[in-house]
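Please read through the structure below; I'll follow up with questions.
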Amino acid sequence: MARNSPRTLRRYPGFRWVAGGCLLLLYGPMIVITIYSFNSIRSITTWGGFSFDWYLKAFNNPNIQSATANSLIIAIAAATTATALAVAASLAMIRGPRFKGSEFGFALINLPLMVPEIVTAVASLIFFLAVGINLGLTTILLAHIVFCIPFAYMPIAARLEGIEGFYEDAARDLYASRWETFRYVLLPMMLPGILSGYVLAFIISLDDFIITNLVAGPGATTLPLAIYGMVRVGFTPEINAISTMMLGVSMIFVTVSYLIGRSGAKSKGS
Amino acid sequence: MTGRLKTWAAAAAVGLGAALAAGPAQAAGELKIYNWFDYLPQELIDKFSKKHDVAVTMDTYDSNETLLSRLKAGVKGYDVAVPGDYMVQIMISEELLERVEPNQLENFKYMKKELIDVYFDSGRHYSIPYQFGTTSFMVDTTVYDGDINTLAILFDPPEKLKGKINILKDVNDVLNAGLRYLGHPRCNDNPAHLKELNDLLVNAKANWLSFNSDGAKEVLVSGDAAVGMIWNGFGLRGRLEKGSLKYAYPKEGLTAWMDNLVVLKDAPNVENAKKFLNFMLHPENAAALTNFAMYTAGVTGTEPYLTKELASALELNPPDDAPQPEFVPPCDPKVVKFYDRIWTNLLK
Amino acid sequence: MAGSLGLTTNGAVQPKAAAPISRDRLLLLSPALIAILVFLVTPLIFIITYSFLTPGTYGGVEWVFSTDAYVQFLFERDLFTEDLVFSNAYLSIYSRSALQAIVATVICLIIGFPTAYFIATRPVSQRTAWVFLITVPYWINLLIRTVSMLFIIRDEGPINHALIALGVTSEPIRMAYTDFGIALGLVYSYLPFMVLPIYASIERFDFRLMEAAYDLYSDRWTILRKIVLPITKPGIIAGSLLVFIPSLGSFIAPDLLGGGKNLMIGNLIALQFQGSRNWPFGSASAVILMTIVLIVLIIFARRRAQAAGH
Amino acid sequence: MAGAVPGLSNSVALGIMKPPSTDQVAVSIKSVVKTFGEGPGAVTALDDVSLDIADNEFFTLLGPSGCGKTTLLRIIAGFEDLTNGAVFLYGDEIEQLPPNKRPVNTVFQHYALFPHMGVSENVAFGLRRLKHDEAAIRSRVSEMLELVQLDQLADRLPAQLSGGQQQRVALARALAPNPKVLLLDEPLSALDLKLRQAMRVELKQLQEDTGITFIFVTHDQEEALTMSDRIAVMSAGQVQQIGSADDIYERPVNRFVADFIGDTNLLEVKVTGTAAKGAVTCETGQGIKLTCLPAGAPKKGDRAHVSIRPEKITLTQPSRAKDAIPCTVGRLIYLGTDTQCLVNLDDGTEIMVRNQNAHGSALQFGTGDKAALKLDDGAARLLMD
């Protein structure tokens, strides 16, 4: 390679190593925890041979089962609702001219990202108790919907912004009613963004601990709460196994969302 | 493209259906238990659930104070909970408990007689014993082999143990131990004594590793700590994993406590809750609980069912020269305020 | 008529003054806004209200106005004389939390900037893969990530085992349950938040400016300081905010990795609603935290607006 | 899509014949006003525009960007509501109708082909919304694809087509519902030069074959001049002039039109008197006397401008002839077909002259040479504003 190509001139010695270290830091702990989830003995420090026992144990743990069920129900319901709200809001925010209070609307949609999670958590707790809503799955769901909205909104709005308005004009021009315009033109074109938003909202809900911890009620233990309880009592390979499975699920969802987003970007680019 | 959306919706619906199906199986009744973490074996839940056709769900809390504050805050829906002795008294006075007269239950006859007229619920109108035991600390004898039966291990530790001490994250346990070490009475509002206590704790904290209740056993077993405040049964479970741990009976005294099964005010399933109380009073079930939690049951006749480790365990059978464990009733609000302040000051 | 439901966009002339929102758009927008207003803004108003009430004996509040929660934040009654004296107990919790958050932010910056720069100078095809790799942990359960960090830095964990096996040390190096552990946990939690915005701004950087600087007799590091850093500053600021703010209110890392010995803001607030049962004080602590975050955000927004203005 | 563009003229064979010509008005715009926004920030996009477009006409709205031509088109299509005025389509008032109820279709500047639908689905879109039955839709779609010669590409996605092909799909899609009026919003601007030139011919042919009224928006005067029956030149939200290509080039009514269409030299003059055949005489500040045909009715003493097209001036050797205007040759710019020459009058006024390079190198002048200008008959046009 030439000594003075534009590429080498941009290079900083050492940055490569920092980047490698950064990846190691990000993935090292997760890889280690995954490896030890296959440890055959209870020890989390010494390696006793390969086994799936901890996965079986985790699968057969009724607390984990019910916590998983709770988490899935909430994540699906919260992601679905938040995505629907975000789609509607993005249409209102992005289509048409700027309106009075649009900054306010934008700020409000993004507010859940601005407030520290612990503050949201205690505020929600106080609110639910003060207005007399019994804590339980419902309260978790309500809280999750609200803080999932900006996560669903971001990719959906980004996608919608990328769709030129003339497609809707064209549909209207070709005798489509407003609903038909949305149904046959806008919705299919927004779909990659909507799916990305859904997936993100789903993961965010599935992973939440801080808010859930405070607004959970009877029978509403979610997977992160169950894991937290287990971790506090003591570290067993069962936790490694559950963590590894959650890692896997998150990875799959992130990858899917990424691929969808990329395919969307491609079709848009043409 | 619209086909893709439909597929997605269908997948979501299937997922939701599967999630719902994976929930508790349909049963005639329900019971919602609010308990400490890792304090009730799954077998017992299954047994009760099967026997009475009741779907049981359990959530957990990590301290008496958490339990109280959540109930006071208006958290509803739980049927039974497991408060400690002084907390039962507070909960009765705060009208958080249902007066279900457990003394009328069929299996009440198995109760240990001396546990009926306790200070917090004389005559047992609200509660039955769940497990009782003592709070002290354990030392890893491979790290330190000197005399461990003194609170100096916690408050003025030998060099080898400095920085390796785990303390329970519980204001009463820690402050009462400190007062014992100083030789002052519990529920103390003497400013001079409290100042002394405050200084003692602040100085001792420099030698402490962590404040951890849930992980009190793990931190000892894993070797992260060589000394750890712990409840006797939890300690026993720890010793079974790591033989070099030894439970201390400090000469300055130690705390006795009793966790109790209670029915919460306005419980949605009072009848099932009473069935559960009755169920837990049966010696066979009480023994199963004891074998799991490894504290002491409040009913007689458990012996035939107990594992042999329990019979000879130092944690459950204090030596003759050990001091008498001491119950500490709730202190008055003024003292509680002082305690809180010292505690916050310690953790700041 | 046609202006509603966003069926017009690329009109030839963009109006300067904003019109009132049309009914259709309001209908579309309101479900999300109402959800946020009811279930977030109202709770925030509640929390502000509660911070001015009197604590109930065992949790909850009594509806008696009081500023005690805020007074308590700065002063305490002397244990013995009952005099109101200045106390730094909570201030020190806040300042330590802030310090931890700053340390975490700085470490993230030190790791994140070179990483972002490295990625941005890869060929385009490799960049996507790198960005993806950096993004994945961003979405993985914070709790699980913290747990895995705890797992490897314990005294008996793989790192210490490896160090002892390699003969670097004979005794395990204490990392878990220390401030170092907290910092490491925070860095680990929020590092992707730093890398991504910086990457975005370096990717937009016009590298011909570097050639111009070389041409004008600068060396590599001068270029970094005088050209690259100033131009990518918006990304650096955004990344720093994204690390600093969640670190400030973090809850899991201090609890699991710090050994619970020293309270951080997040733990302090949670504790008030669980163990210590002083809701007004917990509310006040949350309000103060929110105010700090707001001030930081406003300062940076102002800066950005000023920068844009010039 | 390389090389030549196949013609679209087989439309006759498909039986889409031009209906007998009538003098009916297709679209009538009456005093249309359109403002965006409210209060002090409001922008007036159309300021009292009135015009009639005849049935069967190829009508072009021409003007610089921001002149309001696209807004006017969008008002006819129904994408913008109007602030004031009325729009009639074959006698029916339509400004209250939403775009999907108006029997007009649009070819969009960037085609706006639905990227998630294939070519035939795009063409069928309007027919489906009109609830035609499936068989009718299918036959109409294939008819249209044949018309634009894309029947081989019916299943392609828009992203798989070249720019020219996309253009044809857009055209087929807009024509499929058989609109009364076709609106074209700068449809050629995204094509490269060769293709654009070919498409001009085809579009004109298509319009003549189908007999549909075309309303064509462009900022490209060449496009407008080559295709249109009539052109409306717009500026600042107002129609400046409506007329044939010849009208607006040869007989602009004001300075804007003269300047916007082609190149011209504008000289400030004072009207001095009248001459034969409606012409007037006038004089520049330097005392150069000109005879010009006026737009409007000038009075003696009026201050006005004279527009002289550069190709209507000839550069000659210095001469004492009465109508010769002395000048100094400045810069010469060789342009291929002709040579552009900037000359300076005695007072420094710069005049552009364009002489054809028909017979070898036509110009025998070099920079700095003294020369004279000679105007063609009727070259000077007097513009009052």
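First chain written, first letter: the chains are A, B, C and D, and each begins at residue 1.
Just so we're on the same page, a residue touches a chain if its C-beta (ideal position, glycine included) is under 8 Å from a C-beta of that chain, and two chains touch if they have at least 3 such contacts.
All figures in this text were calculated on a predicted structure; none of them were measured in a lab.
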**Reference subunit D; chain at largest CA-centroid distance** = B
**Complete:** argmin over chains of |mean CA - global mean CA| returns A
**Prompt:** At what distance in angstrom does the C-alpha mean of subunit B lie from that of subunit A?
**Reply:** 36
**Complete:** Distance between the CA centroids of subunit A and subunit C (whole Å) is 17
**Asked** Taking each chain's centre as its mean C-alpha position, how far apart are subunit B and subunit D in Å?
**Response** 88
**Message:** Among all residues of subunit D, which ones touch two or more of the remaining chains?
**Reply:** 36, 74, 78-79, 98-99, 116
**Request:** Mind pulling the residue numbers of subunit A that touch at least two other chains?
**Result:** 44-45, 97, 125, 164, 166, 169, 172, 188, 232, 235
**Prompt:** So which bits of subunit B are touching at least two other chains?
**Reply:** 1, 73-74, 212, 222
**Prompt:** Can you list the residues on subunit B that touch subunit C in the complex?
**Reply:** 63, 65-66, 68-70, 72-74, 90, 94, 163, 169, 171, 191-192, 194-195, 198, 205, 208-212, 222-224, 333, 338, 340-345, 347-348
**Complete:** As the complex stands, subunit A meets subunit D at residues 97, 164, 166-167, 169-177, 180, 184-185, 188-189, 267-268, 270
**Item:** Residues of subunit D touching subunit A in the complex
**Value:** 36, 74, 77-79, 98-101, 104-106, 108-110, 112-116, 125-126, 129-130, 158-159, 173-174, 177
**Request:** Using the touch rule from the top, collect the residues of subunit C that touch subunit A in their complex.
**Result:** 2-11, 14-15, 18-22, 25-29, 31-33, 35-37, 39-44, 46-47, 50, 111-112, 114-115, 117-119, 121, 128, 130, 132-137, 139-145, 147-152, 154, 156-158, 161, 187-188, 191-192, 195, 207, 210-211, 214, 220, 224, 245-246, 248-249, 251-252, 256, 265-266, 269-270, 272-273, 279, 282-283, 286, 289-290, 293, 297
**Prompt:** Which residues of subunit A touch subunit B in the complex?
**Reply:** 44-45, 61-63, 65-66, 68-70, 72-73, 76-77, 80, 125, 129, 132, 134-136, 187-188, 191, 195, 198, 216-221, 229, 232-235
